[in-house]
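These notes are about the structure you will find just below.
To keep things simple, chains are lettered A, B, C and D as they appear, and every chain counts its residues starting from 1.
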Amino acid sequence: MNFEYLIRDVYQKIKNIEDKGEIASYIPELSKVDPKSFGVHISTINQVNCGIGNYNEKFSIQSIAKVLALILAYRLVGDEIWDRVGVEPSGTAFNSLVQLEADKGIPRNPFLNAGAIVVSDILISNLRNPKEDFIDFVRSISNNTSLGYSNRIAQSEKEVGYRNIALCNFIKSFGQIQNKPSDVLDFYFDLCSLEMSCKELSELFLFLANNGLRVENNEAILSESQSKRVNALMQTCGFYDESGEFAFKVGLPGKSGVGGGIIAIHPDQYAIAVWSPKLNKKGNSHKGMIFLEEFTTRSELSIF
Amino acid sequence: MNFEYLIRDVYQKIKNIEDKGEIASYIPELSKVDPKSFGVHISTINQVNCGIGNYNEKFSIQSIAKVLALILAYRLVGDEIWDRVGVEPSGTAFNSLVQLEADKGIPRNPFLNAGAIVVSDILISNLRNPKEDFIDFVRSISNNTSLGYSNRIAQSEKEVGYRNIALCNFIKSFGQIQNKPSDVLDFYFDLCSLEMSCKELSELFLFLANNGLRVENNEAILSESQSKRVNALMQTCGFYDESGEFAFKVGLPGKSGVGGGIIAIHPDQYAIAVWSPKLNKKGNSHKGMIFLEEFTTRSELSIF
Amino acid sequence: MNFEYLIRDVYQKIKNIEDKGEIASYIPELSKVDPKSFGVHISTINQVNCGIGNYNEKFSIQSIAKVLALILAYRLVGDEIWDRVGVEPSGTAFNSLVQLEADKGIPRNPFLNAGAIVVSDILISNLRNPKEDFIDFVRSISNNTSLGYSNRIAQSEKEVGYRNIALCNFIKSFGQIQNKPSDVLDFYFDLCSLEMSCKELSELFLFLANNGLRVENNEAILSESQSKRVNALMQTCGFYDESGEFAFKVGLPGKSGVGGGIIAIHPDQYAIAVWSPKLNKKGNSHKGMIFLEEFTTRSELSIF
Amino acid sequence: MNFEYLIRDVYQKIKNIEDKGEIASYIPELSKVDPKSFGVHISTINQVNCGIGNYNEKFSIQSIAKVLALILAYRLVGDEIWDRVGVEPSGTAFNSLVQLEADKGIPRNPFLNAGAIVVSDILISNLRNPKEDFIDFVRSISNNTSLGYSNRIAQSEKEVGYRNIALCNFIKSFGQIQNKPSDVLDFYFDLCSLEMSCKELSELFLFLANNGLRVENNEAILSESQSKRVNALMQTCGFYDESGEFAFKVGLPGKSGVGGGIIAIHPDQYAIAVWSPKLNKKGNSHKGMIFLEEFTTRSELSIF
């Protein structure tokens, strides 16, 4: 498969469609990005790397960082993590509060805000200097020391993140948060402020296409079984209330963020990152979703 | 991969574990089955076929028939079907009524009872003799004229199916059922009464592992894209409130029924059917789930 | 208090306000009424009776009949009725299905459709000829043999009452309906088709202002305690999702119907019936609510 | 009516029944009270005052203070308060979060925690020194300078009040809290820490039985209409998920607190306060509810 040709071709086709999405505005800082930004980068296990458009520009990866938090927590505590957070899709955001109540503070999966807050709590309990240790981990598995948090974005979220403060305290009221809610939230907001480019994202996440091993040196970041399970979770829960739609149209495990980024994994093949800031009504990148649908249709590669 | 050896080995291992499940008892007829029944059959696109245990015994496939109803409706009306039913996981059964209300009678996916009732309504509107035409379709794609409904099971469901009568009339109250509720329910209960053996199931569903084409003659039952989408739906929604767990542990698209049957698909490889009547708390075959987890772990084959 | 003067004065004031309500249209037959109909009738325990406008015209009392069904069931089975139906307000219609699920088929109160369906089931189990016996009871306590069902309205409801069919079968699925759903629904739809004039309503319900005793002859229709409890239920649950608003603005126990009728009780004083078919967004008579608010404000009589 | 005799008689009867309730334990400080405490005090508009048992002992009035907060806010902003909080019963606690979401941060009524938090926000916006001004108001309308907050209780709530922190931030996320959540919560926790005896409660609340006027000097604390409306709210919403039951069995407007106190109002007659710390499953004083049911049954005085 000539991925380089295919990516360029699909990119040109999608680049000029009307973008009906809207930039996330609930955090003032997020709305400052250029709405026309559009970048794509693919990294294959055969060491093909190619990008197009704004693939080298850093953006706020937001919820994509939840996968990284999950990975580190999974390494640290193993399957005990599943005592604190489930592996089921959640239905709608609307239901998540009801379900938290019905499930007594156990979030349905680690990619809901509630779930990532619980994962943050686990990390705080298991890291000496959570904020530093986490970024060190991300840098080490990507061999990229330039990765970092955006204080600007984190601060912006801390000022208006009432919904997340509510979630964290609600879970705490069920005894399912062990640390102080303010510490957990601080870490969670830092987490979501991580900035990466499409190139950095696809390179970082490639190990999930390679059974948990870094392609460069075969170092195990996760066991094969853990790696498959993280992919399975991205497949069923990675796109909020549009996870089924993504599986249906794109057919790959993936994760989106409200910064307009999407990472998708084709096991045994490649990792691909797309970035376009305008979001559809479900909160996923409008152009990003269309690009990936077209890309997997044209490449005739989906896991199904 | 020597599937024959592997299946026998895993079968022997799982056969004697304690079965903590319980036979479905809400329909009196269903509870008459031998609780120790246990059968497995695999069919590969390379024409390997092998079974073990009660793989040749017919049982009530129940909700597995929802996939067949979806396939026929998808053939008949194409993507218009998605105007009437969604493609998203539903969260819990508990939420499905709330979601039906919030979504004004559009079920979240075709594998919920609500969704299959809507698919039944579509079939009734598009078939001349729904009950006969449907079984003819199933027989034709499986090249197996022995397949049929169980009047005994269908009658048993019609007598106590209050929850489904409620669902159908609730959807009708939103104007999302076009035929008479009693006609739709009659057809739906017939559908769920279909009986097949593991052998028949894995042979019938093999085309979903083969991009929609029957392996024997390359006849297209679904287009490649439709076939992938049906698999994606089974991946995200096939196991009620345990769909995430199945993706997580087994990693294959599949569908279960309260009769204790499970069909799972490995795209480009095989279809496998398992039957063991005792159900876990989520309503899926207790031994069947364990068998498939062990089988995919041992074969190191999951789609992730 | 000169009720006659006050009623005329308030009637003239309210008669000409713009009526922003809408006639109930979900049952075709209900929408055939003259939207400008407006009648009021009061009956006091001091035997004052006076009416104005269309007070002598029969209309479909709809849900007001739920109070009559409750009264007869309360007489027949006493406090056992509260094993089958609660006495708490329900929050919104939206929640009633969720609550039915959470409460395993026990409706929150007898004035919800779900609750009245359960009361209908109790009546069927305890009456020899439910339809005839019920109308005989209503005629006897009102000393008015002209009262009767409207076959036209009942038939109209039976044809489109999908939501109620859904509710009845849903409750049946929890084992909380003892008779056949179709029998229960038949009786329930007959019940709701009762027709009365404002005059007949206020005369019939006057015993609830008189501690359960008919004013003419002191015959006990309910015990004093039962009568108070029926009033308490009307106070907290009589106006669907607007019960709090009615208590807040009018301050009397009462019950409304989608035919545009309202009955209200002032204990130890009077019963008053209002009819105006256009409904506000909560399903209660728009002018009727305004009339009663003005009437209790002007009379300085509320129970609070 | 010889209230003095009746209260003593009912008190003796109820005193020795087995108390199946449990003391509130979610706030450590609350559980330090003597579980056998039991006091009653009545104050009539004819200036009869009598108490029995621990009627002169101060206890934590908890949610009863929500009525006082409502009264002060109602005085300060009039009917504008109803733009921020509704007047409808809420169904269950379970639903309140769903309803807050559906109603975009408008609580169903001012006696829910969510509603009292919004009322607290209104008070903070309208008082110069909220904490001092509020206690001054309470002292002035009761002519009792000994009333005050319990720092011990307030501190205890601030340390474990995660559910209320969640509620406040959730409402803030809808833009329905104007001040800083931490300020609103501080005030709310102070509010709930108010301590009074039964004697002080019944004397303070007597004006609600007197159309809003203090009995001693006819000073208007609320207008007649406002006073009736506060009573109506207590009738429909004063006892959490047991409001219907209280109306049904006791038949008076009232308000309970998890400290085991209940205040009830008989318009035009009296205010009565009961205290017994063990709570029933709905969070209301077990003995208090039984006492009031027996008292109104024996006195044949209910508003219905």
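Everything below uses one rule, namely that a residue touches a chain if its C-beta (ideal position, glycine included) is under 8 Å from a C-beta of that chain, and two chains touch if they have at least 3 such contacts.
Nothing here was measured: the structure is a model prediction, and the numbers come from that model.
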| field | From subunit D, the most remote chain by mean C-alpha position | value | B
| How big is the gap, in whole Å, between where the Cα atoms of subunit B centre and where those of subunit C centre? | 47
| remark: Chain-centre distance (mean CA atoms) for subunit A and subunit C, in whole Å, is 55
| request: State, to the nearest whole Å, the distance from the C-alpha centre of subunit A to the C-alpha centre of subunit B. | output: 32
| message | Two or more other chains touching the same residue: where does that happen in subunit D? | response | 94, 98
| note | In contact, pair by pair, are chains A-B, A-D, B-C, C-D
| query | Any idea which subunit D residues touch subunit A in the complex? | reply | 94, 97-98, 101, 162-163, 165-170, 172-173, 181
| remark: Seen from subunit B, its contact residues with subunit A in the complex are 86-92, 94-95, 98-99, 102, 108-109, 224-225, 227-229, 231-233, 235-237, 241-245, 247-249, 251, 253, 267, 297, 300, 302-304
